[in-house]
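Reviewing the structure listed below.
Going by the order they are written in, the chains are A, B, C, D, E and F; count residues from 1 in each one.
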C-alpha cells in the first residue's frame, strides 16, 4: 500500500470577473498549482445567475487548490480578504494524496 | 401617420419578430436556449462585421473633421450622461442606495452594440444614409461612463474598490468589445473595399440573419430577467423607460449640433439611449460590488433594451427627422 | 430500375455521404467530434430556417382546408402510431418490459426533424413540389405520441410518474423544438417573401451545407450508439427496421386520402416513419424512468434513423409516386 | 486565525431533464443557495452517457449545496425521495466555511 | 433517518489525451461507475494550460469515482501507476451515500 | 522589389491583419477570446471545405502519376524531416534533453493545416494555380513524423511509453483531422463539381471569412504562448525560425523534382515548413510525457506559425518561382 498524505482542498467559487485576481493572489501567495472548473448556474443571497447569460460577469467559476493545511488556510484567508465585499463561497475540506511534494 | 408606419416596418422585420419570439419563449419558460459559446461567437461576428464595414466606409469616404467631432461628442456624452442618470434616479427612486445608483448611471452612459446594429439596419430599411465612422463612436462610448460612474460613487461615499485600479482600468479599456471594434475598424480602414470584398460573403451577406438569431437569444435572455422586475421599485422601472428617451434627445441634438447627417444624428441618439449589459456590469462587479446587479442588469436588459428596440428606434428616427 | 437510380441519387449527395463519413469515423473510434454547442446551434439554425420557409410558403400560397386537414392528420397519426408500435413490439420482442415498450412506442409516434429535412432536400433534388405548410405538421407531430405512450404505460401497469404532470406537460408542449418551429413559422407567415428575403442569405443559401455538417454529426452520434445494438434483442432490431416502413405506408396513405400532393404525402410518410431522439427521450426520462433508455435511443438513433435516411427516403418516394 | 464552521457538502448528480425539479425542491425545502456544475460524460448501472450526445436528456449535471448538517440531511433525503426511480448519485461530505450565516 | 454508508471519493485530474486510457483502466479494474467533469484551466509544476487552447491535448479533465475504500484505493494505485510519468493529480476523500450497493 | 510587394500583399489581407489583431489583443492581455467550441467548429469547417474542394478538383482533373508521387513525397518528407530537425536542435540547443528534442522534431515533420490554407489563399490572390490533390498530401503528412519522432526518442534512450502502442497508433492515425480531410476528400471525389455545387454556398463562398476569424483566434492563442518564449533557450528560438525556412527549401525542391507545378511545389514547401500544434502534441503527451510541452508548443505556435504566415509564405513563393 502506497503511503498517503493528508492535505486540504480549498475551493473558491467566485464571479468570473474576479477569477484573474484570485489567480494572481494564489500565485503571489505561493500556491504550487490550481485547477479552474466551470459552473453552469447558481443562486444565493445575491440572486440567481447562469452561465448562458449575456453578461458573463455574473457567472461563477470554481477554483480548486490542494495544499498543506497551513498553506491552504493562508490562501483561504487571503482570498477571504480579497473577496470580502463580493458574493463568493470559500470551502475547505480534507483530502489525501500520494505525492507529498507536489502541493 | 408616418411614425406608426415606421414603427410597424421596424416591428415586422424578421429581426424584431425573432426578438419577440425569444421573449415569448422565455416568458412561457420553454427550454429553448442558445448555447453560451454560440451567443459569444455571434457577438464577435457582429462586432467584427460592423467594425470592418465602418473602417471600409472611412477608407472610401476619407476622414473629415466630423469624425473627430463625433468621437469627441461620443466620449463626452458617455461621460456626462451618468450625471443626468444619477439625478433622475434620485428623483424617481430615492430609496436606491448610492452604489447602485452610480452603477445604474454608468450603464446608461455606456452603450449596447446590438441596439446600435438594429438601428443601423432600420436605417438601411428606411433608405437613410449615415456616416461609416459611427462604428468608431460605438467603441469610444463604451467606457467613459464607467469612469463617471465610479467617480459619482466615490463622491457619494460608496467607496469603489480601486485598490488594484491599474488592473481595473486595463480590464475596462481593453475589454474584448472595444479591442475588437477598434481593431476591425482599423483593418477595414487599411484593406478598403477591395480587400473587404474578399470576406464580404461571410461578414456582410449573412449579417442580418446572424443578427436575427442573436436577437432571438437577446429575447430569451431579456425574458429570463423579467422576473427581476418584480424586485425593483416602480420608480426604477419608470427610469428605465424615461432615461433612454431623454438620452436620445440629448444624443440627437448633439449629433445635429456637430453637423452629422440625419442618419448619423439618429445613431448617436440611439447610442445615448442604449444601456450597457456586458462591459459595464463586469466593471461594476469588480469595482462596486456593493451595487445590486439585480437592479442594473434588469433595468438594462429587461426594460431599456426591449423599449429601445421596439418603440425607441422608430421614435428616435421620427424625432431626428423632424429636426432636419 | 428507377428506384435504384433514386436511391443512388440520394446516397451520393454530400449530405448522405457526410452521414456515412460520420458513421465510419465513429465505428473506427476516431476522436473526431463536433462540440455539443455547435450541434445544438446547427439544430436551432435548421429549425429556424425551415420554420421560416414554411411560413413564407403559407404566406404566398394562402391557407386552404388541406392545411387544417394535414395538421389534424399529423396529430392523429402521432397519437395512434404508438398503439401500432406497442403491438408490434409485443409480437417481435415479448420479453421487453411494458415501460420500455411504451417508451419505444412514443418515440415512433413522434418525429425526427433531420429526417424530414433530408427528405425535403431529396424532393428538391428530384424536382417534386410539396406543400409549404408541412413544416407546421412537423411541429404538431412532436408531442401527441408522448401522451399516447404514457397512456399505454399506465394502462399496462407501468405507473408513469405524473405527480408533477402540470410541469411535465409544460415541458413537453413547450419544448424548444416545438416553440422554435411554430414561432418561426409564424414569423415567416407574417413577413412573407419580401421580409424573408432580408435574411435569405443566412437562412436559405447555406442551408444544405449546414445540413451536411449536421449529418456528419448525426453519423458520429449514431455510430456511438451502435455498440448499444449488442444489448438489445434481435426482435427489437427487426422492429426498428419494420416499424418505419409500416408507418411510412400509413402516413403516405393518410396524405393521399386527405388530398396532399405526392410530395406532401411523401413527407407525411417520412414523418410517420421517423422516430424522435430529442423531445421524447427527455419526456420519458421524466415520466417513465423505469423504461430503458439504452433500448429506445439505440433503436431510434442507431437503427431507424440510418435506415430512413439511406434506404427509406427513396423507397417511400417510390411508393408514394406509385400511388399518384 | 479566522473562525471556521463545519457544514455539509451535498452533491446530487442527476439527469439534465430533472435539474429543474431538483432545484425547485431545494428552494421549497429552504436551501439558501446552490451551484450547478456541468458534467461531460459518465457511466453507471444505467449505462454510459455523454454530454455531446444528440439527446441532452441523458446528460448529467452536478448540483452542489452547502448547508448545516441538519438541513443538508433533510435536503438529501428529500432529493432521494424525489429521485428514487432515477439513475442518480447523492453524496454527502464534510466541509468548513468562514461565514456561518451564509448557509 | 435513512442509513448512510461511508465510501471514498476518488478524483483524478488528468490530461485530455489520457482520459480514454484512465476510463478503460477503471473499467478493467471493476469500477461500477464514474463521472467525468470538465476543467477550464490550471497550472502546476508542468506549466499552465487552458481549455480554449488550440491544442486540446494539454487540457485537463476531472474523473470522479465513488467506491468502497478498498476498491477506491486499488483504483487510485492503478491510476497512479498508469500515470506515473504524467502531470496528474489524484485525490482521495471521504463521502457518505445512501445506496450501499451502487458503488 | 517584387518580394516586398508580395509580402505586403499577403500582410494587408483581412486574414493576416486579423491574425495581427489577435496577437495584439493577446499581448495587451485583453479579455477577448473565442470559445473553444467555436474554434473547434471553425477547424472542422475549414478541413471539411478544403477536403471537399480537393476531392472535387481530382474528380475534374483526373488522377495522374503526380498524385501518387506527391503522396509518396509528402509521406517521406514528413518521416525524414524530424531527423534533420533533431540534428539542428542538437547543434543550436545542446542542453535540450533527448525526449524534448525528439518531440520537437516530430512537430516539425508534421504540418499545420491553417498555414496550408493561408498559403493556398495567397496563391489564389497571386493568381498562381496548384494541384487540387495537394489536400491529400496534407492528410498524409500529419502522422509519419510522429513515428519518426518516437523512433528518435527510443534510439536516444528516452523510452517512449509504447506499452499500449496499438491504442497509440489508432489514436494517431485515426485522429480527427486525418479522418476528416481524407473523408471529405473522398466525398468531393465522388460527388464532383455538380454535387459539390449543392453545398458551395456554405463550404466555399464564406470560406475566406471563416479563415479570417480563425486567424484572429490563432493570433490570440499564439500571443498567449509568447510568455512561454522567455522559458526557452535562444538556440531553440533560432531553431524555430531557421527550421521552417530550411524545411521549405527541402519541400520546394522535392516538389520541383517530382514535377509539381510551381503552385504545388510551393504548397509542399509550406507543408514542410509548417509545424503541428494539434495532432503531434496529443501524441507526444501520450507517448513521450517526459518531453516538455512548454518547449514544443511555444516553438510551434508562438514562433514558427507567425513566422510562416507573415514572412515565410511570400518568401517561399518567391523562392519557388525563382526555380521555375
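Please note the rule applied: a contact is a pair of C-beta atoms (placed from the backbone, for glycine too) under 8 Å apart; a residue touches a chain by one contact, two chains touch by 3 or more.
Keep in mind that what you see is a predicted model, and the values were worked out from it rather than measured.
Counting hops only between chains that touch, chain A reaches chain F in a minimum of 2.
With contact taken as defined at the outset, there is no chain that touches chain A as well as chain B. Of the two chain pairs examined here, E-F and C-F, the one linked by more C-beta pairs in contact is C-F.
In this assembly, the chain whose C-alpha centre lies farthest from chain C is A. Among the remaining chains, E is positioned farthest from chain B, on the basis of C-alpha centroids.
Interface chain A/chain D: under half of the residue numbers present appear on both copies, so the contact uses mostly different residues. One finds 45 Å separating the Cα centroids of chain B and chain E. Distance from the chain B centre to the chain C centre is 41 Å, each centre being the mean of its Cα atoms. In terms of their C-alpha centroids, the spacing between chain D and chain E amounts to 19 Å. With centres set at the average Cα position, the gap from chain C to chain D is 34 Å. Residue positions of chain D touching 2 or more other chains, listed in rising order: 37-38, 93-94. For chain B, the set of residues that touch two or more other chains comprises 33-38, 40, 171, 205-206.
Looking at which chains touch one another, you get A-B, A-D, A-E, B-C, B-F, C-D, C-F, D-E, E-F. Those residues of chain C lying in contact with chain B across their complex are 35-38, 40-41, 44-45, 48, 52, 170-171, 174-176, 179-180, 183-184, 186-187, 190-191, 195-196, 198-203, 205-206. Chain D makes touch with chain A in their complex at residues 1-2, 4, 9, 32-38, 61, 66, 93-98, 102. Per the touch definition, chain C reaches chain F in the complex via residues 12-15, 17-18, 21, 24-25, 28-38, 205-210, 212-213, 216. Chain E makes touch with chain A in their complex at residues 13, 37-45, 60, 62, 73, 76-77, 80, 89-94. By the touch rule above, chain E contacts chain F in their complex via residues 15, 17-18, 20-21, 46-47, 50-58, 85-87.
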